[in-house]
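Shared between the two complexes below is subunit A, which pairs with subunit B and subunit C, respectively.
And now, the complex of A and B:
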């Protein structure tokens, strides 16, 4: 049986095609903003082509992510934590928690027995300290996300930016640049602010276990943020190879039943 | 797919409640033309003055938030222009703004207050509500004490605290008589206290009936009734008759399994007021077969409850000599009866703060599966102890959802779409999908 999951995030789209529990193909693209439905179709079309499949070969498609309702051809929709939990259990059967750090949301999911979920904690409306801030600050600092990601974890702590508000963080960063603070130092301050923000959500209710917590989502690709977060949270995250595809994988797994 | 499990039907008493609320609203609007004094505040003894009506900002500010986002925004800005902070209670800013603008939502003249008798409250901004009307007109203002004690029960201390409130009340009555030249009618006041005492037993029955599965009423039903006899003051005999009719109808609904939500399969509770501009989230939850059975706040007319030694859910016991059996012969007796056992925080909301497991008892009594605990930044229902309560409820297996907002009367910082997303996540993570869409 061939199934698929499509994860429509605020910044990017991810599609995974599964056959008998194995990934046949995956695809990604920008989420397209106001033209999200068209972007979904494009990514889906490319993914099917990579798998050498036609749409009729896929028995069931489940969409997830904040733009899930833009996947008009999906058979069903599920919320993101349900997909994340499914993927984490599939990838790491001993997992007890999942942390999904995306462009504007961080979700901390506590797994229960069987397929159950004990708790879901999310950030509230402000996206401070999440992927979208990193992207915006990279642009402000004239750096690529890859350059930010490769910064060493040796912040002096002399430069700090607000960790509660993206707008204030950007203003702080500009203020630091105006005081001739090197942009690498400012970037490290931004990374530290991101880690502080995520760590506060990790500690919101029940802190995830030290060695059985799975980290997924686009921000898990940013080595500098993850190093800072590990240092602050003291959690040895399990990070799968295709961490940013985990939501789509979970949806595809649920479609497979 | 709508998996109807129980019969539903509208409440017969609905229109009567609507009529009583409208009558009260009318009585405020016409106070000036009837040459009746209007007080900002909420005190039970106002009925002793034949020509005095009281109006609290809670129902007015909430109603404004519900009825017109545009007008309440204009009002809040008018308040900010006068120097009041954006972070203060939305009810206040809505009402004060209308006062500064000089008109109500429908364009009619704002009924200016003649005096201020703020509702005393130990933990939020009720007591500050009188400041702007007092300064603006200016008008006289009184302030009642609300002593609060969080230690173990202490009858002597309790009596002293009640007597302090009796003293404050008598003082205010005498001052109003002196300044406005209006005679306080003790007979009328005593009679009103005796009659109004009849509301609570009916309200307690209504509250208890909601333990039934399926729940005969939902939160949005209770919100249509819970001000009658409290924040909305009408004729005491008519109000008691209403509560009796409501009680009888709800009992009948229980006997016949008439449900508030026909597909009830999940019961949830909340704390303090909802976002009044966004009541549709109750309907949204019903798509999951989820009924809100209320909160200690919305069950307020029943007073504080507790789990009895035999496991039943009943009104909190009064101290010896503080019960309903007291004789009411004088002004002071009537004031004591009105205060009841509320000193030391036996009210619903102080109960939450003082008794750490009060919400757990409520959850247990009403067999709830989940609790939605808003994190309001200020005003009514400010977030004191809310996170701790969430943790305690989680400990007993109740699923908890928090959401953030400015204040129930202020929609500025409540992200409605985000809240709906949160509700989907919350329900699906409990293995429940929508029954209808």
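And now, the complex of A and C:
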């Protein structure tokens, strides 16, 4: 049976086509503001083309993510933590927790026995938009996200920015630039602040297990952030190869039943 | 290459009519903002050249490049300039400036040059801060307010929003005015919340114009609250990058029950023009 999952995030769209537990194709694109429904269709048709399939070949499509209701052709919708949990269990059968760091939200899911979910903790309001902050900062620093993410993890700790609020963090970063601090160091300060904020969510309520915690979501691609987070949380995250597609993969798995 | 919705056009111009060798005093103003940097060169209080660029992570380089571009191919060398004043967030990073002057004075001075001597209230709509300035009839500041912590970065947030909405930044204002009536504004406490809250409105069936209206109205409302504290009076002038966004200025005018003056000059140049004019006064005093 061929199924598909489509994850509609605030910033990007992800689609995965699955056949008997194997990924046939995947696709991604920008979420597209008001034209999100159209952007979804575009990503979907590209993904189908990559899999050399026609729409009728796909038995079931399940949508997830903040904009899941914009997938008009989906047969069903599923909330994000359920999709995340499904993908994590599929990729790592021994997984006990999932941390999903997206453009807008940070989510920590504690897995229970069987298919159950014990707890879901979301970021509090002020930790929202970490992914967006990274992107906006990269722009100010004249770097690409890739350049920012490949910075070495050797922060001197001399330059720091506010780790409680994105708005203040940006302001502090601009202050560092004004003091002629090199942009690499400013970038490291921002990365550190993001790691502190994510870590505070991890430590706040649930302490995910050291070796069985899966990390997914777009920010997991940012090596520099993840290295800082690993150092602070002392968790050896399991990061799947297609970490940003995990939500879509989970939805496709659920569609397969 | 995906479209960069957030990117606004840079510009530069150098006069071909003014013979700088005949002018008595050549001065320059360099305004280094968090997002944009401007350099203005004036010959005896006439605009000779300008450049309006995106600020680079190296502020000193931004200052140097902006001045270079304002001078263009005119043949004027930085050392030919009699006096240079730096202003803006990064004013301390204009190494070739003889003096730095605060933004309030520069914007007030620039606005009177650009919009005429009748200006009494200046609202500078910048990327990082907004400032409301009230002037006496003569060239003196009567009162001013600067946006406080949580209201900072509104101009910067518009760039983020342009990206999230996939609407070119220059079209945001016009598109937001396509609504028949403004919807309730989004959260006005913090721009990080305002952005995601606005995007969330799509879920409630809002159209693009309505989301933009709710978002820009929130910004205008916030600025209006601050401007009110200087008790604005006519004539009104808007400076800064956001002054080019009618989605903000039209709503601000509506809330203030005033119409702003218009000018042939780019409102983003106001700070640098003011700095160049102050430089003239300094050169004469020296």
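FYI, the second predicted complex is superposed on the first by the 253 of 257 C-alpha atoms of A that agree within 3 Å, B and C clash if a C-alpha of one lies under 4 Å from a C-alpha of the other, contacts with A are read in each partner's own complex, and residues count from 1 in each chain.
Keep in mind that, in the parts below, a residue touches a chain if its C-beta (ideal position, glycine included) is under 8 Å from a C-beta of that chain, and two chains touch if they have at least 3 such contacts.
Just so we're clear, the structure is a prediction, and the values are computed from it rather than from any experiment.
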{"item": "Clash or fit, subunit B versus subunit C on superposed subunit A", "value": "fit"}
{"item": "More subunit A residues in contact [subunit B versus subunit C]", "value": "C"}
{"item": "First, second, both or neither for A:177, with subunit B first and subunit C second", "value": "second"}
{"item": "Which superposed partner A:119 touches (first subunit B, second subunit C, both, neither)", "value": "first"}
{"item": "Subunit C, subunit A and subunit B - angle at the middle CA centre, rounded to the nearest 10 degrees", "value": "80"}
{"item": "Subunit B versus subunit C as contact partner of A:43, first or second or both or neither", "value": "neither"}
{"item": "Partner chain(s) touched by A:81 [first = subunit B, second = subunit C, both, neither]", "value": "first"}
{"item": "First, second, both or neither for A:109, with subunit B first and subunit C second", "value": "first"}
{"item": "Partner chain in contact with A:191 - subunit B first, subunit C second, else both or neither", "value": "neither"}
{"item": "Subunit B versus subunit C as contact partner of A:13, first or second or both or neither", "value": "neither"}
{"item": "Shortest CA-CA distance in Å separating subunit B from subunit C in the superposed model", "value": "7"}
{"item": "Doubly contacted subunit A residues - partners subunit C and subunit B", "value": "66, 125"}
{"item": "Complex contacts: residues of subunit C adjacent to subunit A", "value": "2, 6, 34-35, 56-60, 89-90, 92-93, 128, 149-150, 152-153, 156, 159-160, 163-167, 190-193, 195-196, 199-200, 202-203, 207-208, 211"}
{"item": "Of subunit A, residues touching subunit B in the complex", "value": "66, 78-82, 85, 107, 109, 115-117, 119-120, 122, 124-125, 205"}
{"item": "Contacting residues of subunit B [partner subunit A, same complex]", "value": "390-391, 394, 399, 403-404, 413, 415, 418, 421-422, 424-426, 428-431"}
{"item": "Subunit C contact footprint on subunit A (complex, rising order)", "value": "10-11, 30-36, 66-67, 69-70, 104, 125-126, 128-129, 132-133, 135-136, 139-142, 165-168, 170-171, 174, 177-178, 180, 183, 186"}
